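Okay, so subunit A shows up in both of these, paired with subunit B first and subunit C after.
Now for the complex of A and B:
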């Protein structure tokens, strides 16, 4: 019983990590129709910022606060310089962001070498809830993910800013005709997505440690989650991320780990093949 | 979208006959490559042989993306599966005869790509480009993971020490002999592709890439056509994989993997897709520069490569080849020009495509 609960918590916390990564990816893909192949590298940048701040002698949580801001700034600059040119051409966007990701990844690799650098958890130790010992930091990840998710949802559905964003998604030309600057909306959305990626990177770095290929690990998982959930909704990518994350964490208990990883992806692709709209199809917010 | 760009470029180009650039580039490359082993030292010949094999792979990507508009991030999957299969043939069955292993690698590439392409491309819902890109990427990733975890395939270490390919009692070892084998294969495959994309079939492909719906209205089965090109390209990639396995004497789990898949995409984009020769030039250019820079600037080179690529995608979507080849020639002519039509139709097949409906 206890170990089963433990396993459930493990699965839950890994699912939360994937949801956090997918959230930014999904928002960018849904809002702007751009599949950002550099998203994994934004996660990496967040992790790297945390490491840098920690290396400068400041506490880890300071790095985690700085990461979303730094990555958002990077995202903003890149959007203005590069991504903006891709809105009309989603395929070029995929290739362009891939090249961008390559530059970021190789730069980080040049800076840290081929090392695996561990960053300590800002909240150490574990606590016992209902007879189950859970790591405090993983619990914190689950809580923060939930807060961020709810916050983003409220921002997009309950505020006038969210209304504008949705308008720009639904019908860009009508939104422009109504005096909404879709240009600015896109810039803000992309920056917001980048900030979420930075936050995800900062939160997961104590769990996975920092290495140059950290982002690749999340890239395919992230995209499959977005496809699985369905592009164009808020709930879709989140649900997809939850399913992929939970499956990736739970399946190794049932089958050999090597097969489990592959199986999750194959199942997701097969599902999307027969239901192209994804889990939550047709509903836009 | 691209349709109007094409016709606009078409109008802005002056009518008088231009000297075609692509055949000149092709001939020059053919000449240079055919004498290279006589000039180069052996270790460089071996290096160039590998580049030629990779060019074959890039050619297969150009066929699917540049002509059929299928964004395949999985060319390395076919390359790798064929490489592994031929390596197993050589290791476990002792078959190294060139007349068996090369056709075998071709057939394996064909079957794997047929299976994957059939799944991804055919069916009731026509797939989106993103779905195909992700599906091929996933296939490549899965193959990488399986190869890493499967003891029979050598796990992380791959299959080392593959014996040399044989033709009768003669062993085809790396060096000038293998070079000419790879070169001849590349030329043959290139000519085949060149014939194909300039035929009526190629016209249908180009039309499909530019505007799928219109080609569908003409009565073509668009998805079947795509699956056909996809599996043909898979066969080419498989052939390249067989050559590669025997040339390197080694196959590893990176070979079918994602990194390699995307590398090929980058090479082809760098050289310029949709011209065939662009993909070959891309591979040669990137590989030679990496070879020079690898010693001194090993860490900086991938960053530079990424930046260059970004610049090319942003400002020169036609790639390196776009610097010397006009848009009109890049689009090319298709089939045999009909004799009875007025002169203007003979100059470019593209014109009657616009006039026809």
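Now for the complex of A and C:
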């Protein structure tokens, strides 16, 4: 029983981590039609910012607050300089963002000397809930992910800004004709997605430690999530992230871990074969 | 083998100077591209220089180790040249980046062998890298190859010499120590590639021979970062010793999850044989308190061994703040390899491959990091002293040392 509860918590917390990483990726993919291959590196930049701020002698949580802001700023600059040239060509956008990601990743690798560096959690230790050891920080990640998810959802569905974002996605020319600057909307959306990636990086770095390839693993799982969940809605990628995260963490409990890794992909591909639009398809809010 | 243990003192402080140095390095690397370096000696001889090629991962995932190896080569070659060179000729150093990428490596190593016509190649960190470049060097290139990393110990090709420890050297003393200071129930969580498979095969034999038992031996994708199922298995099966061959990036989260589950608190013992000083930075010190490892060198030896102290001090003086001089990154194997090769060339009196290989087959050095070393004739591997150490508050403490030089039991 204890073991089962423990399993449920661990699986949930990894699911939350994947959802957190996928959130920004999903918003950019759904709202702008761009697959941001540099998303993993935005996550890495968030982690790196946290490390730098902590290294400068400030508390870790200060780094975690700074990370979304710093990464958002980077995202904004990149969007203005590079990404906006790709809106008409999604394939070129994939390659372009991949190249950006590569530059960021290798720069960070040079800056940290290719090392693995531990960054402490702001909240250490574990709680014992019903006889189960629960890491306080993993619990915090689950809670923060839930809050960020709800916040993003409300922002996109309940505010006039969200309405304009959806309008710019649904019918860009009509949106422009109605006086909405799609140009500005795209910049803000991309910046927002980058900020979410930065936050994700900041929150997960104490769990996984800082290293240059931090983003890559999550990038692949992120894309799988977006594919599984379906592009075009807010809920799709989030649901996909939850499914992929939970599967990745849960399958090793049941089958050989090496098999589990492959099985996640096989199951996702089989699912998409029968439901090409993904879990939540077709409906845009 | 492959480990990407990192290098940094436990406190993640970054000085402005370090930051600027790194930024300049990264900037330079990005704008000019990374490839080859030639380090010419300060003096010349009529016969021309002897050419030493270093093929190592200066960039990419194994960069932490490759840079340490290149630094060691620069240091040793400088010392050799300052002492009058070899056979009256200076040594010229050719360094190629293998970029942690086997397909890039083959092309770059070909440059060393065919264009620069080096007399010997040292390098390679992972076993996959060694396998990728060995044919280029030895078979087609007709050149000697020295592999410096601790690894699974099955390389018996002619003209290849290995100067890092083998599983026998690392485990024969360590496993009995773990049984005595941990318990009999072992778990072998492992990354799914050649080094853990081959190492575990040997480790299982030693565990069973010493009265222990393997509760489970399990393999994970090398980049897996989530280990809750494994941690649960370890906790519910009352495992005493976790003999880990999971590598970074997974090893950090894995040890953290084990700690959070209370493995250390209930008396469990961690062990990981590629863990050196640099790897200690992957986790907070309290998460890996008591971790046991067995290597050919630890920094703490500088307190008792003047030779180690001299080498370590020279390295730290010439390469401050960068990649550490540590056993897990093959830095000690690189030192040993170069010095053994120097001794062999001196004995052979010429650079002819067969003559040098013949001398290298039984070459000896009296001084090296951690102690003397000698090649075991016909075995391609080298005898060396081994030390068992335990992590205490972010540093290693030596708890056991071999009596004399340990046999590699390879080939």
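As a convention for this text, the second predicted complex is superposed on the first by the 285 of 285 C-alpha atoms of A that agree within 3 Å, B and C clash if a C-alpha of one lies under 4 Å from a C-alpha of the other, contacts with A are read in each partner's own complex, and residues count from 1 in each chain.
One rule holds for everything that comes next: a contact is a pair of C-beta atoms (placed from the backbone, for glycine too) under 8 Å apart; a residue touches a chain by one contact, two chains touch by 3 or more.
Quick caveat: nothing in here was measured; it's all calculated off a predicted structure.
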{"item": "Partner chain(s) touched by A:14 [first = subunit B, second = subunit C, both, neither]", "value": "second"}
{"item": "Which superposed partner A:126 touches (first subunit B, second subunit C, both, neither)", "value": "second"}
{"item": "First (subunit B), second (subunit C), both or neither touched by A:35", "value": "first"}
{"item": "First (subunit B), second (subunit C), both or neither touched by A:107", "value": "both"}
{"item": "Residues of subunit A touched, compared between subunit B and subunit C (which is higher)", "value": "C"}
{"item": "Touching partner for A:96 - first (subunit B), second (subunit C), both, neither", "value": "first"}
{"item": "Which superposed partner A:170 touches (first subunit B, second subunit C, both, neither)", "value": "neither"}
{"item": "Which superposed partner A:261 touches (first subunit B, second subunit C, both, neither)", "value": "both"}
{"item": "Contacts of A:276 with subunit B and subunit C, given as first, second, both or neither", "value": "first"}
{"item": "Subunit C-contacting residues of subunit A that also contact subunit B", "value": "103, 106-107, 109-110, 216, 256-258, 261"}
{"item": "Touch list for subunit B against partner subunit A, complex", "value": "71, 119-120, 123, 125, 127-131, 133-135, 137-138, 141-142, 145-146, 148-150, 258, 262, 265-266, 269, 299-300, 302-303, 305-307, 309-310, 313-314, 317"}
{"item": "Of subunit A, residues touching subunit C in the complex", "value": "3, 6-7, 10-11, 14, 51-52, 54-57, 103, 106-107, 109-120, 126, 133, 135, 207-209, 211-214, 216-217, 248-249, 252-253, 256-258, 261"}
{"item": "Sites on subunit A touched by subunit B in the complex", "value": "35, 82, 85, 90-92, 94-96, 98-100, 102-103, 106-107, 109-110, 216, 220, 223-224, 227, 256-259, 261-262, 265-266, 268-269, 272-273, 276"}
{"item": "Subunit C residues touching subunit A - in the complex, by the definition given at the top", "value": "4-8, 12-14, 19, 22-23, 25-26, 29-30, 59-64, 67, 192, 218-221, 223-226, 228-232, 236, 248-249, 252-253, 256-257, 260-262, 278-279, 281-284, 322-323"}
